[in-house]
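Same chain, two partners: subunit A is paired with subunit B first, then with subunit C.
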Partner chain A sequence: MPDTDSARILAFITDRFPQTDITESEDIFSLGYINSLFAMELVMFLEKTFALTIPNDELFIDNFRTAKSMTELVGRLRSGTVAG
Partner chain B sequence: MAVIGVVGAGVMGVGVAQNLAQVGHEVILVDISQEVLEQALTAITRNCRMSRMMGGPALDADAVLARISTAGSVTALAAAEFVVENVTENWETKRAVHAELDEVCPPQTVIIANTSAIPITRIGSVGRHPDRVVGVHFMNPVPAKPVVELIPGFHTSPRTVLRTRELLTGMGKRAVEVKDASGFISNRVLMLTVNEAAYLVHEGVATAESVDEVFRGCFGHPMGPLETADLIGVDTILYSVEVLHEHYADSKYRPCPLLKQMTDAGLHGRKTGRGFYTYQT
Partner chain C sequence: MTDQLTQSPATRVLDRAAVRAFVDQHISPGADAFDRAGAIPQELLDRIGEAGLWAPFLPPELGGRGTDLVTLGEIHEEVGRGCSSVRSLLTVHGMLSWALQRWGSAAQLERWGPRLASGRTLGAFCLSEPGAGSDTGAITTCAVPRGGGWVLDGCKKWITGGRRADLFLVFARGPASTVALLVPRETPGVSVRPIDDMLGTRASMLAEVAFDNVVLGPDALLGPSGFASGMVLTGTLDLGRYSVAAGSVGIVQACLDACAAYTSQRTVGGVLLREMPLIRAKLSDMVTDVRAARLLVAEAGRLKDAGDSATIMATWVAKYFASTAAARHATEAVQVHGANGCSPDFPVARYFRDAKVMEIIEGSNEVQRTTIAAEAYRRCAS
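Our next item is the complex of A and B:
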């Protein structure tokens, strides 16, 4: 089991798309084979894995483009500094 | 705004009900299974939440749900102006529901059959008023797809077509009119493609990932045929291919055994969490 939030998020992406070899700053939607439907799965995954609810104001695609942006979102939600 | 019945609360019924409620109609969503109805309301809540992120409008799930009531039988639809039927793509199931609708709904109610391959004339023949029966082939996810196929049957009246066009325009849809032949335009072509793609995997010629990559990378399709199969539902793909096979009696529509096995195994795609790919649900 990967031990950082970022590693767990990257592991989820590569588990789903085994051909993916990305860094945490890479835009997954620019790879050409991951479309916005996967963003819905990312929301479900983050909420389940990190036991949190992502508020509607944070549900925009830029928050889910990179493992880094998702890690930051999780960090914001944990510390209670969410948008809106 | 009209009172509209939506029969069948599966993937398509969920999308149609949400789209209608979004634009202000009062929707009565009917399914024989209470469990399916509860799942449908959960799915609509989730889809409304995700709408803006998926490129749609920002939606208030509570406001959308407030316009949707549920019922366990089509007897609740006696006052509906339109009924959109979305039950399983299986002739016996469709026939039984349309026979019931014919009994319950007054002659002025427009009955829209949402089907991917069953001829509308055949569906219209079930009841006493084939003039008010018309086909609309919605695409999935319904609220996000701007084009539908509109299929008048042999006896469908111009009034029924006109009223349906008005309803569709209000839902934000453009309608492409197609003559009544099994599979219409979209599935006459798409189902053969998906079926043949399944054969490639079944025969071990290529993986699902490779098949889809060729369609995305070489042809510029946003999704490959097997990702599309998972989105539509592998079971629905199988039923549609079987309907084409039955109607045209042409062996080019022979269903791939892999589709049958996946359907029996419950690998129906996104809606069950696993199909050609595995999904987070």
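Our next item is the complex of A and C:
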């Protein structure tokens, strides 16, 4: 199992899209993968894997654009420094 | 077994056996009459509320039972075994209630949660339009921001429970993306026109719901706006699909029960139908498929309870398998019953009509197959 938050997020994305080879800072939206189905799967993955709940006001696109931004969101949620 | 659900609220257990007894006592005996009348009696709707079946997954602090989703699937299977129209009302009410629980603000939960849990407020899901079904990108109902709130205009069609519902979860085209709005029925500008004489689930009280310059406050918006708003729809449809899958399992079980009973008393040339190999082949296929479909639904439910994103595809598969099995076995059930199966004297004609609907609602089976195949190709890509 990948041993960092970012690696686990990247592993989830590449598991869902095996043909991809993305980096931590690559914009996954620009690759054309994202639809509402995958967005839902992504949110469920983050909430289950990191045992947290993403509040509505953190569900904006920039938080999910890259593995790095998702890692930062997870960090903020863990430390309780989220919006709202 | 006697019905326990409406007798001792403090100690009752909400499980498959208890719901089966409730269905056998209060739903199955009247299902054909409901079908002919085109409506579910208010007395039964109240009784379902007393039994805690409307949205049992809501947490106790909102008046629910905190029931897990595996159990919810079992409940909807049992109700679907008795009457698909009643199950369809549970489906759409559950969809709205689930969306509220998942996406609702504290104020929305406080306002609507207890009423939805008890059934004092009944919910309906408004997505389809005269020109848009599974093609959600084609919806034309518009929500325009105004004065901090919204103005809603448009028309929704094929709304299960719409004739009776008190609260509508309406999906509309917003400024940047689809938005989900909670719209009380009594809001000025909301009008409801019943739709009668449908092929199946004839007692599900379908309606066309129109919104004419409906002014809503900011608290009408459910969940996020922007890119994530599609998740509200995806998640809500996922729960609806799960319920329909479970209800389809119930239809197959009902077909099996009806055929086993009929072939055990009907003779041809002095021989019971049950002794004939071709009849046994049909029943063996029903037994096999109902078990397989039940397991697929249970697996989807288990993944939901675990918060595992794999539940979304598991639910697609379960709904596709269970609904096609229901349509196939309902056809065979009519065949087994012969002319009796085409008459109103036996329930299999109702199962046949209801089963067909299962292949269409919450995403047609063609859409499901396309999605399932796309997933296969995606995972196999190198």
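Please note the rule applied: the second predicted complex is superposed on the first by the 81 of 84 C-alpha atoms of A that agree within 3 Å, B and C clash if a C-alpha of one lies under 4 Å from a C-alpha of the other, contacts with A are read in each partner's own complex, and residues count from 1 in each chain.
We adopt the following convention: contacts are C-beta pairs under 8 Å (C-beta built on N, C-alpha and C of every residue); 3 or more make two chains touch, one makes a residue touch a chain.
None of the values given here were measured: they were computed from a predicted structure.
Enquirer: With subunit A superposed, do subunit B and subunit C clash or fit?
Expert: These partners clash in the superposed model.
Enquirer: Touching A:Asn56 in the superposition: subunit B (first), subunit C (second), both, neither?
Expert: both
Enquirer: Scan A:Gln19 for contacts with subunit B and subunit C and give back first, second, both or neither.
Expert: Once the two structures are laid over each other on A, A:Gln19 reaches both partners.
Enquirer: Which partner does A:Glu47 reach: the first (subunit B), the second (subunit C), both, or neither?
Expert: second
Enquirer: Touching A:Gly32 in the superposition: subunit B (first), subunit C (second), both, neither?
Expert: Only subunit B; A:Gly32 stays clear of subunit C.
Enquirer: Of the stretches 2-10, 20-28, 236-244 or 254-262, which one in subunit C hits subunit B?
Expert: The one stretch of subunit C in steric conflict with subunit B is 236-244.
Enquirer: Kindly list the residues of subunit A that each of subunit B and subunit C touches, one partner per complex.
Expert: In the superposed arrangement, which is not itself an observed complex, subunit A uses residues 16, 18-19, 35-37, 39-45, 48, 56, 59-61, 64 for both subunit B and subunit C.
Enquirer: Where on subunit A does subunit C make contact in their complex?
Expert: 16-19, 35-37, 39-45, 47-48, 56-57, 59-61, 64
Enquirer: What does subunit B use to touch subunit A in their complex?
Expert: Listed in rising order, the residues are 46, 49-50, 52-55, 209, 212-213, 216-217, 222-223, 231, 270, 277-281.
Enquirer: List the residues on subunit A that touch subunit B in their complex, please.
Expert: The touching residues are 12, 16, 18-19, 32-33, 35-37, 39-45, 48, 56, 59-61, 64.
Enquirer: Enumerate the contact residues on subunit C facing subunit A in the complex.
Expert: Touch list, subunit C to subunit A: 103, 105, 223-224, 226-228, 230-231, 233-235, 238, 306-309, 311-312, 371, 378-382.
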